[in-house]
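Worksheet for the structure shown next.
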Amino acid sequence: MPLVEVAGVSKRFGGVQAVNDVSFRVERGMIKAVIGPNGAGKTTLFNMVSGFVAPDTGTIRLDGHPIHGQPPHRVAARGVSRTFQNIRLFAQMSALENVMVGRHLRARSGFLAGMLGLGRARREDREVRTRALEVMEFLGIAALADADATRLAYGQQRAVELARALASDPELLLLDEPAAGLNMRETRDLARLITRVRARGITVLLVEHDMSLVMDICDEVLVLSYGEKIADAEARAVQQDPQVVRIYLGEEGC
Amino acid sequence: MSELFFQYLMAGLTYGMIYAVVGIGFNIIYNATGVINFAQGEFAMLGGMIAVSLVGAVPLPVAIAGAVLATMAIGALIEIAFFRWLSGPSVLRMIVITIGLSILIREAALLVWGQQVRALPYFTGDEVASLSIGGARMSPQVLWTVGTCGAMVVLVTGFFRWTTAGKQMRACASNRVAASLCGLPTRNLVTLSFVLSAGMGALAGCVVSPITYTQYNVGTGLAIKGFTVAILGGLGSSLAAVAAGLVLGQLEAFSVSLLPSAYKDSVSIAVLLAILFVRPTGFFAARVAYRP
Amino acid sequence: MAVAVAAQLLAVYSGKAFLLTQLTMSAYYTLAVIALSLLMGHAGQISLGHAGFFAVGGYTSAVLTTLDLSPRRNEEIVGVLARVGVLVERAELYGGQVLVVHPWVAFLCAVALSVTLAFAVGIPVMKLKGHYLAMATLGVGTIIFSVALGTTWLGAADGISGVPAFPLLRNLGVAGGASERVANYYVAFGLLALGMLLLLNLVQSRTGRALRAIHGAEDAASAMGIDVASLKLRTFVLSAALAAVAGVFLTHLNGGIGPSEASIMKSVKYVAIVAVGGMGSLWGTLGTSLALSFFSLRGWFGAFDDAVFGLILVAVMLFAPDGVLTLLPARAAASRSRRTRAAPAPEGDGGYELPVALAGQRPGEEGR
């Protein structure tokens, strides 16, 4: 069974049909990209998969379980993690604390345990901290642990956000324009990173404009334009699809 | 029995129009700046108090005009001193600032005018309830109130719809960046919104003062009620505010027949809470985007 | 924390005994205020009616410990409760005997009532944002005040007096007598220290991180699995409970309570203190609260008490919205850069709300 099954989802905002009857699948262990010109509905689609927006019609299933219309925290509890296009790190918290919040769902102590400083709470906190540091090491940013997250350099902030998303050991990782604002070298590093993430067994769905990244690492590509599905195939095939080239790749060239 | 009914009806109408005017004041500033001006009620208080101080020296109409102008000046001052130079403040911050401002204005009023209750003299006739509508007796001041407020609503609606300045304000409210890119003097337009709200509030305060009296602390209650009206009307069109004001006015007036009058003020708060909990976007804002 | 305790000892030995009473009262107000600081600073929710919960706690305890049930002594339920120990006999001021609820039971009832009220109010209110939330909490506070002021069996404008001491240990009780001043001082600060400890622990814990995450970027917090609405609600309830506890003890200390404890001005003062002390800082709020409450109680602000707090509120919000400590140059730069980094709204807006931005705000920079 594919990990993600999106069937016939549509979303309208006022007078705009942002997404129109889009269906696709993401198999386990795959890296899939959603591409398309600005306004194609990519972010809306993402928001629907992660629970920020409820689709008007259609279903979204994760591992067979319906997740459409569920609030973001429930979707996260099912093993979905995401990053944001415009970096939403938590202000006034260190990078490590940001990543630790990513692991929120893997611990259970609540108000009472927290206030009383119970042993269980402390143990869980230690575990979360250790895991968070491990993830940061995996991404090579362990040195930034105590820095104020929102004052880091742009590329570093992106890395922290990625660490935060990985900290919960998700099954599905949603990356919203992960390469935005990165230069060529950083983008290549990012590509390596994403493949290492996949090697750990995590399925990746990403929205991207950077064609070099997409063609480099993606197994399949979904192309949207004006909210509709234009193509959904292996990366090579999409690159050569004349319709896609005309709509989107034609202006840029690879 | 029906005289009592009309009594309540007219009371509700009178107060309802006042609340509507204060509510429109909220709308104007909110639409121009995104800020709920908690000090809105104080404008009405200032209008009444200043007029009372002036009326000893000059004829009534001049006193009222003077009070309105003075309050408008204060409104402009507030905008310039507190709002203009803040860059990208958070909603929380703005709320707290306006609350603090309302307290300061109130305390200043206490300092200047003391705790005495004051009132303007009746515009025409005197206190005697010489008018009779549907068997209910009331003072002609009621007509003054309803009439003045109604005139203000009409004038304001016309201002926004037909005059250049009004249209500019609407543009500015809709998208300030775009408006300034079009060359509109957005900062002055924002000041204008304060001036307009202040003036309206002041005039309302003056016109109702003979009936309800004015004291340094009437602003708070009016602010809550005006805010309720503004929210009920969806922080949008003036017409919605008037409708909402009348609804609240009637609810309040008729509540006196059911609850001890000590709880009269609680009625508007209960209404406010009810709306906030059930439908914070108000009842009339559904279709209209923004049309003052 | 040891520092705080040491500071207390110094204060005690400085001699002027009557100052102790005001310090003790300040301590109780501070307990309520640090609870508000948790709500405002860490969860980012404004509450303009917090004094209401303080008053609910105080009034409940006052009513229960002064309402004489002896005329109903023959009723079944009264007899049962008396035997169980819920109701006790005590000597009244004028020599008679009254049958009232045991202070400990009253305390539990007060906190329970406050918690229930907070839940009832919190569920709809926490969904609101910005000015809607402010107005809703203002409204709730005003209703509590009106009820306290207007209801005869709550004492109306005079409030309730004759509230007995609150027994803690065999010889120790919370009361206002001169002979018990020093002991009460320590009780109050002990309670305050306990409260601080609990809250500091909370802030460092998983829940505290989640709260700070909500305050930092609510949508991202939600994406990390944090049930934002539930957490906000529970924080609201916790802060209401702490305020109620403070209210109970202050009422017993003063021997009474009046409607002014529930007034909106009181709530505004609490907010002003939190603003000055720095919304994210429990210690800052602690210090500011102790200082300002003390000055206010000592009458240093005279008749201008309300005006002073209003002025403080405006000044702080204009110039140092993250707290007075940010006026120090090093921190000022940090605070300013944090504020201008506000991220722009994601495209395709739909299922969630970002805080309402001021029209004309410059879009946030991408932080290169």
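Here the chain labels run A, B and C in written order, and each chain numbers its own residues starting at 1.
The rule is simple: contacts are C-beta pairs under 8 Å (C-beta built on N, C-alpha and C of every residue); 3 or more make two chains touch, one makes a residue touch a chain.
Model, not experiment: these values are computed from the prediction.
Trainee: Centre-to-centre on C-alpha atoms, which chain is most distant from subunit A?
Mentor: Greatest centre separation from subunit A goes to chain B.
Trainee: Among all chains, which one's averaged Cα position is nearest the averaged Cα position of every protein chain shown?
Mentor: C
Trainee: Would you kindly tell me how far, in whole Å, the mean C-alpha position of subunit C lies from that of subunit A?
Mentor: Centre-to-centre distance between subunit A and subunit C: 40 Å.
Trainee: Rounded to the nearest whole Å, what is the centre-to-centre distance of subunit B and subunit C, using the mean of the C-alpha atoms as each centre?
Mentor: Whole-Å distance between the two chain centres: 33.
Trainee: Where the centres are mean C-alpha positions, what is the separation of subunit A from subunit B, in Å?
Mentor: So the centre of subunit A lies 49 Å away from the centre of subunit B.
Trainee: Which residues, counting only subunit B, touch subunit C once they are in their complex?
Mentor: Per the stated touch rule, the residues are 32-36, 82, 86-97, 99-101, 103-104, 106-108, 111, 172-173, 175-177, 180, 186, 220, 224, 227, 231, 260, 262-263, 265-266, 269-270, 272-273, 276-277, 280.
Trainee: Going by the contact rule at the top, pick out the subunit A residues touching subunit C in the complex.
Mentor: Residue positions touching the partner: 11, 13, 18, 38-39, 41, 43-44, 47, 50-54, 71-73, 76-77, 81-82, 84-93, 97-98, 100-102, 104-105, 107, 109-111, 113-117, 121, 124-125, 128, 148, 150-151, 153-154, 157, 164, 168, 181.
Trainee: Can you name the residues of subunit C that touch subunit A in the complex?
Mentor: Checking each residue of subunit C against subunit A gives 198-199, 201-202, 204-210, 212-213, 215-217, 219-228, 234, 238, 280, 334, 337-338, 341, 343-344, 346-352, 364, 366-368.
Trainee: Residue numbers of subunit C touching subunit B in their complex, please.
Mentor: Residues of subunit C touching subunit B: 44, 46, 48, 124-125, 128-132, 134-136, 138-140, 142-143, 146-147, 150, 264-265, 268, 271-272, 275, 304, 306-307, 309-314, 317-318, 321, 339-340, 342, 355-362.
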